[in-house]
Structure formats: C-alpha cells, structure tokens
Amino acid sequence: MSLKLEEKAISSKQQFEPLIVAFCCNWCSYAGADLAGTSRLNYPANIKIIKVPCSCRVSPNFVLRAFQRGADGVIIAGCHPGDCHYSTGNYFTRRRFTLFANLLEYVGIEREKFKIEWISAAEGNKFATVMNEMLDSINKLGPSRKLRDGRWIRQQ
Amino acid sequence: MDKTTVRMQQIALQTLANGEVDVILGWKKGDEWYDSYPVVINDINETAELIWDAFCVNNLSKYLITELKKNLRIGVFLKGCDSLAFNQLVIDNRIDSERVVIFGLPCPGMIDPQKVKHAGLNKGLLKVERTGDKIVFITKEGVKEYIGRSFDYDKCLNCRCPNPVVSKYMLSDAVTRTDEEQYFPDVTEIEKMPLEARYDYWTKQFSKCIKCYACRNICPLCSCETCVFDNIAAGVSSKADADCEQQFFHIIRAYHVAGRCVDCGECSRVCPVGIPLEKLNRKIIKDINQLYGDYTADTDIAKSPPLGTYKVDDFDPFDGSKQGGKK
Amino acid sequence: MPRIGAFVCWCGTNIAGTVDIEQVVQAVSEMSGIVYVKDYQYMCSEVGQNLVKTAIKEWQLERVIIASCSPRMHENTFRKAAKAAGLNPYLVEVANIREHCSWVHKNKEEATKKAIALIRAAVAKASLNTELIAKEIDVENRALVIGGGIAGIQTALDIAEAGYQVDVIEKSPSIGGKMAQIDKTFPTLDCSACILTPKMVDVASHPNINLYTYSEIESVNGFVGNFEVTIKQKARSVNLEKCTGCGICTEKCPSRKSKSEFDEGLRTRGAIYTPFPQAVPNVPVIDREHCLKFNTGKCGICEKLCPAGAIEFGQEDVLVTKKYGAVVVATGFDIIDLDKFGEYQYQNHPDVLTSLEFERLTNAAGPTAGKFIRPSNNKRPEKVVFIQCVGSRDVSSRGKSYCSKICCMYTAKQAMLIKDKYPDIEVYVFYIDVRTPGKNFDEFQRRAVEEYGVNYIKGMVGKIFPAGDKLIVHGVDSFTGDTLKIEADMVVLAAAAQAKPDAEVLGRKLAISTDTNNFFTEAHPKLRPVETHSAGIYLAGACQGPKDIPETVAQAGAAAAKVIGLLSKRKLVSNPCVSVVNEDLCNGCLSCLKICPYDAIAAKELATNNHGITSKRIVAKVNEALCQGCGGCTVACRPGAIDLKGFTNKQITAEVDALCH
Amino acid sequence: MIRVKITPNNKQSQLQYIREISGVNINKCIQCTKCSAGCPASARMDILPHEIIRLLQLGQVEKIFHSKSIWNCASCFVCTERCPRNIDIARLIEAIRLTIIRQPGKSKFKPDDVPGIIDDKMPQQVLVSGFRKYNR
Amino acid sequence: MMYSYYPGCTLKTKAQDLERFALISAQVLGIELAEQQDWQCCGAVYPLAEDEIAGKLSAVRSLAAAHSKGEKLITLCAACHHVIKRVNADMYSNEFVRKRVNNYLQLPKNYNGEAKVLHYLELLRDDVGFSKLAEQVRMPLTGRKIGAYYGCLLLRPSNVMNFDDAENPSILEDFITALGATAVKYPFRTECCGGYLTVNDQEANEMAANIINSAIGLEVEEILTACPLCKYNLEKELGTNTKVRIVYFTELLAEALAIK
C-alpha cells in the first residue's frame, strides 16, 4: 500500500462518513420515506435512496456493486410480505435475500452491512428508525474495505 | 474385462445398430491409467473401445446441450450425480429429454489420481480396477489390493446419490451406502469460524482465482448461452484481476446455481488453483434444506425450484418478530 | 451523451431553507451531459412548467431532470409538460430533494451534498433513459359478474342500468344465494324474499343481462379491458327455452331421497327439482347422481310427462368462451362445518340447528310452512337456546380467528322473531361480546332484550347433554360466575362464516390473491376496498370478508361504479415500463415465467440455424399488455436476458455508481 | 372482605414465574367462559377457570393462591381442548399449583396422609398422581 | 408383527385383569407383544410445567428403547399412554425439552421423538382392524348393552393424543360392535371421573355419579373402560349398586374370543 493511500485511510477513519444505499420499492417503502419527509422525521443524510418498482427488482448484483463502489451499508426496503403491490414480489425477495444474506455472512460480511426491511407506506416512523439504527450499527463497525473496489475512489 | 464395461459396449452396439440412437456419449481410455475421456461415437465399430472404470468422472450430461442441437437421438451414460444434473437441465429447458436414451451407471465412487500419487502408488502403475470398495492397483511389479474409500474424490465421499435417478437401461446393480451421513460438516466448520477469519479465508481463496472459468465451464448447470459475466449490458463483466471482482464473480456464481446445484463437486475438482467452490454451493443447499424443506436438486422434475416459488409463511429473517407470513 | 437540462426547485423555503440552491446549481452544471441548469421558486407552478417547456425547445434538451419534491407528487405534472414541449415523457427523471432530503435533514451542508448526489444519480439514470411509448388497449364493452347472490344481482343491475352488457355466472341452478334462504332481514325485519325476488326477476328480464346458471368458470385469460373467460355450462338435462316451469316433472319424480340444498337438508326433493318456487330461471335441473334414469336406465317419467318436451337426458356440459372488459367477483360465503364441535351435539341431535337451518325452519315457505316445531318430535319448543361465536374468534384448528360479524345481529333477529310469535317461549342467547355497530343495530339488539325479554347471557356453553327429550345446556354466566344448566328443547348455533371452499382455486384462475382465511384480498383495505391487485377485477360482498346485506349491497354498487368507470373508456393506456427479452441471450429456462404473478411471460419457439442444421430453441416472450412492471423476472434471469424498461440493469447500476461518486 | 385494586408490583415475580413455567400467554383470553362452562369439577370450585385467568390478568395472584379451585382441577384437559384462543388452561393451573407447592413446607399431600385415604382397591396410580400433583 | 410393550405399575398390581386379558387376546390375534426390559414407572401424570424434565425421563427411556428396536410402542393403561404419548410429542417438537432430556440421559443416540406410540385399542383399530377382529370373535356378546367410557386421558388434548374425535369419539363403540354387543352412546361418556381428586377431597364424587347415572339412564348394563383409575372411581361411587358393572375392555375382548 502506498504512503498516500495509507494517509487517506487514516484520515477517513478519523471522520468516517458512511454511505448507505437504500433500494426502496415504489409502492410502500419509497412512500414510507416520503411520509418520513412530510412528517419531518430526521434521519442521517448518509442514506441515499434508489427507487425501484418492487423489492423483487433488486438483484444481488446491485448490492455487490454498491459495496464495490464504496457503500458501507446496503438496505432493501419493500412492502410487508402479503402486501406487495404485485401480490407476490416480496415473497421472492424474501427467499432470494434470505439465502444471499446468509451467503454474504458466510464469506465474512457483517450482517449489519446488508439488511432487508419491510416498511409500509404508513410507516414513516419505522423508516426513520430503521435508517437511524442502520447508520448506528455501521458506525459501530467502523470503516471497512470488504468487497470494496480498490480502484474506485469515493469523493465525499 | 469389467462386467459393466462389457454391458456398456453391448448396449451401445445394440442401440446404435437397431437405430434407437444416432450417437453415443461415453468414455474411452487414454494412454495413462487415470485418463478416461469423453467421446461421441456413431460408428458401431468404436463401441468396443468404450470403457467404464473409476476414472470416468466427467459428467456427460452437459455435452447433450450441444450435441442435441444437431437434431440427433443420443445415448448417454450417466452416473448418479450426472443424472441429477440431467434432470436439472430438463427443468431448465436446456435439453429435450425425448431424444435422449439414458444408460444408468450406479457408481461406487471415482478415484482421485492426486490421492494415488500422494500415496506413492503411481510408480509403474498400469491400471486401476475397482469393484465396490475393493481397489486393485496393477503395476509392472505386481498387484496391490486396497479396501476402502481413501482414494475417492472428496466429493464422492459426500455423495448423496450414487445411483442414477433416471435411466432407460440400468447397467449394473444399485450401489448401497451404509455409512452414516454427516450433515454438511464442511459448511458447519466454516460457519463456526469467527467472521473476520471467514472473510480472510474466503478472500485468500478468491484471490487465487485466475478467472479461467473452468468451474463455470464444467458445471452442468452453468449452461447459459451467454454467461452474465460475458454480457456487457448486464454491467457486471469485469475481467480485471482485482479482489472485489473475484469476490463478485464467486458470490454471484454460487447464487446463480442456488436451488439448482446438484452438488456434483465438479467445480472444485477442475479448479486449477484449488478454490473449494463446493463449500459455497453446499452452504446454499444447507440453508435451502433447512429453511424451505429438503430440496434435492433434483430427483423430481415436477417440483418447483426453491427460488421459483415461495410460501406465505416462509421463514422471515427480516421481520422483527421472526415470523413469516400474514398475521 | 444526450443533452440534459436540470431544473432545481426551491419549493419556497421547503427546499431552499435547507439546501443551498446556488451550490447545487453550480455542482449540477459541472456534471457530464448537463447543458442547461435553472432554478426557480416553484417549479410545479405554471411559470415553472413553462420554464421547462421553453428550455426543452431552446436548448434542444434530450433529457430533463427535475430536482424537487417526490415523484409521487409531480412526476406526472412534469412528464406532461415535457410531452407538451415535444419530448417523450419518459425522458424526464425526478430527483427527490424535498421528502428525501431537505425535510429530513437539518444540517445545510449535509443536505446540500446529498441533494447534489441525488441529482447526480438522476442524471446518470436519465442519460440511459430511452423513449417509451405507452400503448393503447381497446376495452371490451361487457362485464362479467361471478356469483348470483345479492352482491352479484345488485352489481349486475347497476352495470346494466348504465347501459353496459353484463353476464352473470351462478354455480347453482338458480340465482338468489343465501339471501333467498333467509326469512327476515335485520334491522327492519323486512321479509327477505319480498325485497330480493323482484330484483331476481329484474335480472332475468333486463335486456342487458345475460344469465348463466348452473355454470362455472373454467379458465380466465387476458387482462384489464380484454379478459377472455371460458364458462362451463353444466348439463341441466332440461331445455331452458322449452321448459315452461309447470312443475309436473318435479312433482312426479319417483326419486325422493335427495336432501334439498335450499332447505339446508330439512326436507327432501326429487332428482329433478327446482331449488325453490321463486327460482330464476324457473326451470328444473336433473341431479344425475340420484336420477333413476341415469343410474338404472329405467324410469324417464319426467320425459314422458313433460308437455313441452323439454327433458333432454343427452345434454352435455358446454364450454362458452367470451370476452369481457371487467370482472366482478361476488361469490359469497359459507358457514363452517360443525363436525369438529361435537360438544354441541349438532351431528347427534336433530334439535340442534345452525342459524341457516333455523331460517328455513321459521320461513313461511320452508319445510314446516312456517310452523315453529322441533324436528325431533314436531312439537313446539318451550325453551330455545342460541349460542353465538361457534367457531368465530376461535384461533384453534377447528375455528376461524375472525369475528363473523353478522351473527350478533341475526341471532338477535331470530330470538326476537320467536318471542314476537310465541311470547311464552323462553329464549336464551349465550354470547362472548355483542357487537352491533351499524345504523340502528344496537337499538335493534336492545329491543330484543328490553321489549321482548330475550335472556342474554355473557358466557359460553361448555357442552350440551341430551337427556330424554331435552337438551341440557351447560353454560356459565360470567357476570355472576354461576354455572347454568338450561333444559332446552332446541339449540341454534351461530356457526362462523367462512370463505367458499373453492375461493383459492377461483383466485388462481383470476390471478387475484386470497388472505390467510381464503377471503379475496382487496387492493387497499381503506382506499381501494372493492378493487383487487389485478386491474379490471373487482370484489363485491362476502367473498371479501363477512358482510351483512346493507354492506354487501353498498359494495356491489361501488364495484359496479368501478366497472362502469372502466367500461366507459374506449381505450386504456398501458404502463410502458414493462419487461423485454433479449432473445439472443435467453436460454429458455423460463425461470421468469415461474415467478411472474401476471402470467405475462410465455414460451416462444425459435428456429435456429447452426451450420446448416435447423433446430428449435425456446425463449421467453413478454406480453406487454399483461406485464405490470414489477421486475421480478429480471432478477430470476441469470444471463440478464430479460430487462425492465425504465429500470434497466444498466440504469440502476449507473444510479448506484453515481450515488457512490 | 378486602376489595383489591390491580395488584401491587411485588406480585410481578410470581406472575412471571407462572407465565414461564406454563408457557401460556394469558392475554390471549377473551373471557368467553368456555373453560368454566365445560369444567366437570366446577362444582368444587370457588373461582372458575375463566376467573382465574382474569385475576391473573389483573395480577391478583393472592386470591387464586387461596382458592380451592386449583386443588380441585383434575387435569382432564376439557378446557384446554375447547379453548377457542388456544390457551392451555390445564398447564396454567398446574403452574399455579407448582408456584405454591414448590415453596418449602407447602406440599398439599404428604406421606402421612396416605393411610387416611387408602383402601384395598385403590390403584397406586392414585397415590403416585397425588404426590406428583400435590407434593414436591 | 412384533411390538414393544409397556405395561406400567398398576397393571402388575391392582389392574392385573386389564393386562392378563390383553395378553392372551393378543396371542389369539397374532399380535406379538414383547414386554420392555427395565421399564420404569411413567409417573402416572404428565408433567405439565415447561421446566419439569425429570418426570419425562422414564417415558423417554421406553420410547428410545422401542425406537432403537424399530418397533411401535404399545400401551394399555390410559394414564401411561397419555404420559408417554405427550412426552414423545415434546421430544419431537419442543426443543427445550429435547435438548435437556438428551443431555441428561446420554443415550447411545439422541432421541428426537421418532417412535410411534399406540394404545392397544389403536393397535386393534389401525393395525389389526375391527373387521378382522370381528371375524375372530367366537362368542359374540350379542344382546349385551355396553356403554363405552372414554375418560380424559386417551382423548385429550386431541392435537397431541390423536386418538379419536375428542368430542364425539367412536373407537370404543366400534370395538363393542365388533365384539357383537350393542354399543350405547350416553352423553357423559367423555366426561372426567374425578381422576386423582380423591386424594384432595374424600367427599362424594359427583363427577363419577354423573357418568353412572347418564349410562344407567340409557339402560347400559356394562361400562367399558381402559383406565384402572376410572374403574376405581366408578366402582367406588357405584358402591353396592349392581345395575351396572365396570369392566376393562380387554376382559370383554377375551370373553368374545372365548379365552376368558
């Protein structure tokens, strides 16, 4: 590791500003995030949302890509099982990512770094709470370069 | 000559001659004692060269994909694990089972040449014969006999399915296994490691990868016309030699065979740098069995694959109350 | 790189108060592809929209980014504006810098940084946007109502009155449903038949309504506006056109062993029968299982006697396929089987009845011609005990966890009717809670207590012990803590309501979901109570959950209004964000097909030429009209051959990359 | 007679103990009284089973501890069998008995009592059951 | 077919009839019952508390022994049957109990509730079949009016016992019919006889009285039972009354098979 990189690593440790990518389904969780907004519930700016039609649109590829590109945490939020706008989408999300999350843990990635949450359009409160908790646990873990693409430098 | 080999040559001759099949997929013996290689033959004169021994490890079912495109009727020799792969290929619509005649080969286990070499038995070795658990090493000097499975491939020691689950002609009696089945000991061992150690273990393993794709090419289920890693539009193809790319490839490779992997262990066998790939696959198999009921990919082609179905009350690790389904 | 224009909204101080607009504009102007940036106080206002329109034209913008409130608020507004300026509306992307940024963050520096990141992601996505064209679909001008009870009848009449064709399918030989079996209705005590039968006649005679009785749904294909439904008309063995309904056949039929379904088994009927005198159509049906002609080949008396020559033993089931624009499911409910409630002696004693049997027993047109007698000895009972919540609010394996909702009221009604006719009969009602929300409902129940002196006992019955010709009811009064033994002559059980046993099967045919209790699931419990998740399919009545008649009729009207709204459109616009298959990459494994909730994916056969050898290959094919754009298939596809327009793999990856900038 | 309000906190530990060893969630009870109505031993009870659950919900364990009812439950499982809320009332009552008899000296049936009840036909099952149910 | 057989203490002492007739009948019917070696008292009552492990151990020993032989475990006494069947269910589905019991017992192989427990009556119904049984009857009990008394322990809780419909059972009536007698269903046939309450309360047993009166009311001459405790309670209540007689079901079985 070059000297310059090491410096960067140290400085980033001092002011760890995690990035959390949140995939939110259009019908429930994105609306839940909107409700958190209209209710002025605070959560950290480290959370950045990407809208998808349904949680079942989220591919494990996207999750790994986010980690590669410097995300410290990834969260997929969808309707509660049974309430999917597309009837059954989140049931598939649940199976896929139950296995995928286990696999990530199996190769040594902390559970805290990848989460799935069921957040309805009415749960603005839950949205804010979940995001706050997520950031807390990521902060506790501290900076990590697991899965990160060393060639990609994130500009804060 | 081995009884099964005789039967093999007979059936090949018979089915080619009576027109039941146009070509036969089988193995022939190469120059070395450990060399039994896959062949496609359509000449009845060649049937006498077909061979069945403890080195016919190659799974012939994947060859069917290309061969069937020639609109031929094919006779193929399949071991237990090969037959599972065959079924999965049928589920995936990759082959037309109507045009395939299966010759089933109950398999006592295949011998790992590396293990023979490590035991120093390869010197002057001419031939290895196996009947059940009796292994006979024929050398220039004489004959040595061993009983047991110490020369078997690791993957064969974990074999759940020595007998073909589908076949038109069965070439020998079914193999019975009496040894106590252990429940994914290899996976449990890794699961028990501390998280950081696990990360280091896998990163070290993955970093050995030279992206030769042998694992993908041998895998009977990695049968895509164009692999996603070769599909620029998918945005995941990066051939760069970076840790994260190896991780990406191996995690996604394992995920892509989730619920379809037949645990034949070929990926690990062919890996030139020795990455224990099957331990990723087997982790997923273990989880699927535990969470969604015993899914053996699969003996039953009518069953829906675990990732192609769901239950309303599936286990839900993402729900605070740990309950699945509607309340 | 397309030419991109970005428009940053202040939303008054809503955004500008927390986000440094100037800094955002500066940063955005430096992003690749951006050729124009403009900020304005209220971008959604007419002035703001005109800014967008003008800029599109003046700067030849090929993509538009709106950084403003949630797309759920104004995405449509800006898409329309873009369209008006000649830009494909799907080339507009919204960056949500209000709900997801300025409103949830306090620190201006952080909020500004995040706003820039969100806009960067929108720019990255937009540069990969493609023009999408929403397709127009024709709407078939006819509706289908499944179920001919009061829900189906009301829905059909309302739709037909609006001038649209309606077909009604009823499984049994006559329409009328449960309401036709009921004696009186609460809370007004109108005679049920008096208010229902005129409606039944209206259905039969309405020029816009076409009735398929003794028929079932075989299969359903298609999608909103264009359902293709195959109906199985079971062989009635009587010609509907020829029969005059004279009834000679039903009188003379020598087979008398079958229990009348309509009379809940309290009387027998012939093998050829009309379910009840007011049946619509008033044409008998032959129950082939019990008909002597069908079983032994002999008899045929009905055929010989029929003056119209309407008996047709040779009839076979007929399949009819028709197209519909909308479907209303109104299949109603059943009551649970009481086999598992042995302590109430329902199977063992003829004087223990279900409430529905009681309705028939007290009905003037019922098996006793309205005479209130005990089935065991034909004598008038002196003490009658009603037990509520038999299987309702019961989470054990023998019951239903929900409140059946209607039992409190009908039990009060039945108790009151007994006391009204026979004031000397003692009536007891065992209940857990009395639930009477509804207009004039509580007053009604109180009348039963206060005016008629019905004894309400808060408590349950443990067991009934038959003794001699009495039924000894062992119960508890929870207020006093006393155990009670009542020597009753008749016990009436308010059995829980439950979904029709075939609801799940029908749901699968229609691709609509059922809940854990097999009732059909509405699209939203509050805001879309009569719609399902499948566009163009609506719900009416108790098939969605237990309901009384007023609620059922109200829901039927609501479902009809939805259908009329749909059918009144000549064309429907479909969502262009649908899946698309790259056939070169597709392996034909059809993993996508297996998980599609809309059956929008089918297998297609391609002929391929490989060095002169032609062989066949299977690929997946998306029916764009059915696809709702969830994107589940894209993840199931391993080689990435199927992608979702508007949310492509590349677009989402680009967003991820941009956020991680 | 003392009218007790909702009970003081010092009974919480006993309540918790009863909840734990019975594994029953008493809050599921909707006071339908089906348990009491079917109880064959109710004639020997001063507090009926549904009242026991209600008292537990209110935290009034003392009243229950002093009742005859808990000793006159024959564990016939009729209540458990019929409860529409899946409450295992037999287990609950057993847990209450155990809470008492597990305290030193609180056994209800002692070896000294045997001669007083035994007759020559009595199967030993009775005595074994008695010691299991009333003695620690 | 070979079965493991668990007798229980009472059958070796006060209820020898119950066992004796069962064993000789089994011989005639071709059922091989091998009494388990070293069986221990089942404890008479199933320990309902979650934390009581000791009271479940002896049942597990018998269960594991039967399982290791690959045999079904046959019981005769209703109380033993209840205890063993419920402990087996715990071992199958209650992880808390399973872990602790296995830790304590240290059996050669962990026991996880795999064994099948059948009451003698279930054996007759499911493995022999009542129609087969009827064919073996040599002295049909024609004309005798017999009322089955089920009691509690065989039936409830039905989700564990799985013996018959808990509210409306028919196995004993079917048995009686198979023996050629007339089965009388009287309302109190599944009510409790008072069980062990006699220990706590020596007063008159109204519970047993209800059952007897209910049966006599329908002119029942013999009350059939599978439980020594029920028989004791009913006979005690009956006193010198001779209108009705309490009999073990096995006694009637032997009688009908003409081996009594």
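Annotations for the structure displayed:
Labels A, B, C, D and E are assigned to the chains in the order they are written; within every chain, residues are numbered from 1.
Just so it is clear, a residue touches a chain if its C-beta (ideal position, glycine included) is under 8 Å from a C-beta of that chain, and two chains touch if they have at least 3 such contacts.
These figures come from a predicted structure and were not determined experimentally.
Counting steps between touching chains, the shortest path from chain A to chain D takes 2.
Under the contact definition stated at the top, the chains bordering both chain A and chain E are C. Looking at chain C and chain E, the chains in contact with each of them are D. Centre-to-centre separation between chain C and chain D, using Cα means, comes to 47 Å. Chain geometry summary: the mean Cα position of chain B and that of chain D are 61 Å apart. Averaged C-alpha coordinates put the centre of chain B at 53 Å from the centre of chain E. Per-chain Cα centroids separate chain D from chain E by 25 Å. Chain contacts: chain B has residues 228, 234-236, 307, 312, 325-326 touching two or more partner chains. Counting only residues that touch two or more partner chains, chain D has 43, 78.
Residues of chain A in contact with at least two other chains: 60-61, 65, 82, 88, 92, 96.
Every pair of chains meeting the touch criterion is listed here: A-B, A-C, B-C, C-D, C-E, D-E. The touching residues of chain C, when paired with chain B in their complex, are 515-516, 582, 584-591, 594-595, 603, 608, 610, 613-615, 618, 636, 638-640, 643, 649-650, 653.
Residues of chain B that touch chain A in their complex: 190-191, 195-203, 228, 234-236, 240, 242-245, 247-248, 251-252, 254-255, 258, 280, 283-284, 287-288, 291-292, 306-307, 310-312, 314-319, 324-326. Chain C makes touch with chain A in their complex at residues 70-72, 96, 98-101, 103-107, 110-111, 113-114, 117-118, 121, 511, 513, 515, 533, 577, 595, 597-598, 628-632, 634-636, 644, 647, 649, 652-653, 655-657, 659-661. Chain E meets chain C in the complex at residues 159, 165-168, 185, 187-188, 214, 217. The part of chain B that touches chain C in the complex is made up of residues 68-71, 91-94, 223-228, 231, 233-236, 256, 304-305, 307-309, 312, 325-326.
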